[in-house]
Amino acid sequence: MYSFDTYVRVEYVDTDKMGVVHNSNYFRYFERARCETMRNIGVNYKDIETAGLIMPVIEQYAKYISPAYYDDLLIVRTTISEFPNVRMRFDYQVLKQQNGAEKLLCQGFNVLAFMKPDSTRPQPCPEWVREKLHKVL
Amino acid sequence: MYSFDTYVRVEYVDTDKMGVVHNSNYFRYFERARCETMRNIGVNYKDIETAGLIMPVIEQYAKYISPAYYDDLLIVRTTISEFPNVRMRFDYQVLKQQNGAEKLLCQGFNVLAFMKPDSTRPQPCPEWVREKLHKVL
Amino acid sequence: MYSFDTYVRVEYVDTDKMGVVHNSNYFRYFERARCETMRNIGVNYKDIETAGLIMPVIEQYAKYISPAYYDDLLIVRTTISEFPNVRMRFDYQVLKQQNGAEKLLCQGFNVLAFMKPDSTRPQPCPEWVREKLHKVL
Amino acid sequence: MYSFDTYVRVEYVDTDKMGVVHNSNYFRYFERARCETMRNIGVNYKDIETAGLIMPVIEQYAKYISPAYYDDLLIVRTTISEFPNVRMRFDYQVLKQQNGAEKLLCQGFNVLAFMKPDSTRPQPCPEWVREKLHKVL
């Protein structure tokens, strides 16, 4: 299991008229946190595309527990628990420091597939990505 | 069970560098379709807020089956299967006409709660909303 | 001069914590209105790309006069005043029906260039687009 | 004159099917850079709202010179040249390090007003904001 924390500052444009972060934006936060987590492992998503693969999201979920507000500094904790084959799963917790403890605001996951742009058949996780993951998982 | 179709034209801003609709935008489509479905039933979401309630999304999910492209005219089929109590669930199918048949691109759901803005306790679905729903469910 | 009205329903996700449409979203409305205006003339932007050209926005401006609110049904009036050469300018007025009159909420413009994807040199407006524009301008 | 650099990593969701950052997202970058610039001066925009004022954007402009790509690390250079009265202007340059030099991708500006939420009359820039600005301008 590997976990990495990405800090996300809530922007004005992220909020809606309820005064809180709009539900759809958590999936943007998930994406940002996933890319930074992979970068930390040594896998830049850009290099995956340069190597001829894409990783579309094929499934995702979020559960909203408590709202996030403008200017909040959120922690998006990304966890990889399973070694990827043709798919790769990421779990997320969106947290906020409050009174010296971490408060859970949202949790979710998504599953991405390794694909070639011109094919609908899933591809295996590339060897160079597996090697990087082996070092942390 | 009640179903309603909302048409959504894919805009340029909805696409990403894969050339397809970005995963996060399906949740925007769900929101648009949900509001139009409720409007069709006779419940304008604005009136719910005017009446002192809000309906935050507390959970949502999407499964991506086939990509949507720029300028596609999507059908977002919204289905209400359960009579709401303190929560209300909506199911969505994103479809596209292709070769005389409907092709399923994405399916998902979300669950919303009836809440007062200043409280974390769920509220019952208002009577006037229940009356409108009774006519169709 | 050619003008065309596109109707845009303000969505929840378009609003921010001020309770109004976020300034950046007007540029999304401009894009939607521009595409519908061109479609109405007989030019689908998708066909421009299929024909090997792209039309990046090279300049744009908006002036915000009065806020738009959730669920407002806005009119985005798009005007083409100049016959395009290597660039094409669109002017926009965002209006709202109020007390039997049109209230101006926002006005702006953008300028797009005709380009080949692999070149930085502007291209002339294609002949088939010029023909369609000649019929209305 | 006061200038401050904010770093913005281009995210996947920011790109469109042209493979570049969508024009509307630069206004999101401007907002992020403006907030960080003001924070650096000692003025958190949240505190302005807590003090009973809002600062809506009343005008904005962008000129797109060269595209930004996924994963680019952009510099958004924000400049304040005029001491604010009832309005405050920010100028932006979006830059990218390339071959040891800064390449200009986009430049723009916006003008914000000091307002009370329940009034359409502009308000003077609050004294505590003026004091912070006096230290840097």
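Order as written gives the chain letters A, B, C and D; numbering starts at 1 within each chain.
The rule we apply is simple: a residue touches a chain if its C-beta (ideal position, glycine included) is under 8 Å from a C-beta of that chain, and two chains touch if they have at least 3 such contacts.
Everything quoted here is computed from the prediction, not taken from an experiment.
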| item | value |
| --- | --- |
| Comparison of A-D and C-D (more C-beta pairs in contact) | C-D |
| Centroid-based (C-alpha) most distant chain relative to chain A | C |
| Inter-chain centre distance, chain B versus chain D - centres from mean C-alpha coordinates, in Å | 34 |
| Approximate Å spacing (C-alpha centroids) for the pair chain A, chain D | 27 |
| Averaged-CA centre spacing for the pair chain D and chain C, given as whole angstrom | 24 |
| Multi-chain contact sites of chain B, meaning residues that touch two or more partners | 12-13, 20, 24, 28, 31, 70 |
| Footprint of chain D on chain A - complex, ascending | 9, 11-13, 28, 31-32, 35, 44-46, 70-71 |
| Chain D - residues contacting chain B, complex | 12-13, 15-17, 19-20, 22, 24, 70 |
| Interfacial residue positions of chain B with respect to chain A in the complex | 18, 20, 23-25, 27-28, 31, 54, 56-64, 67, 110, 117 |
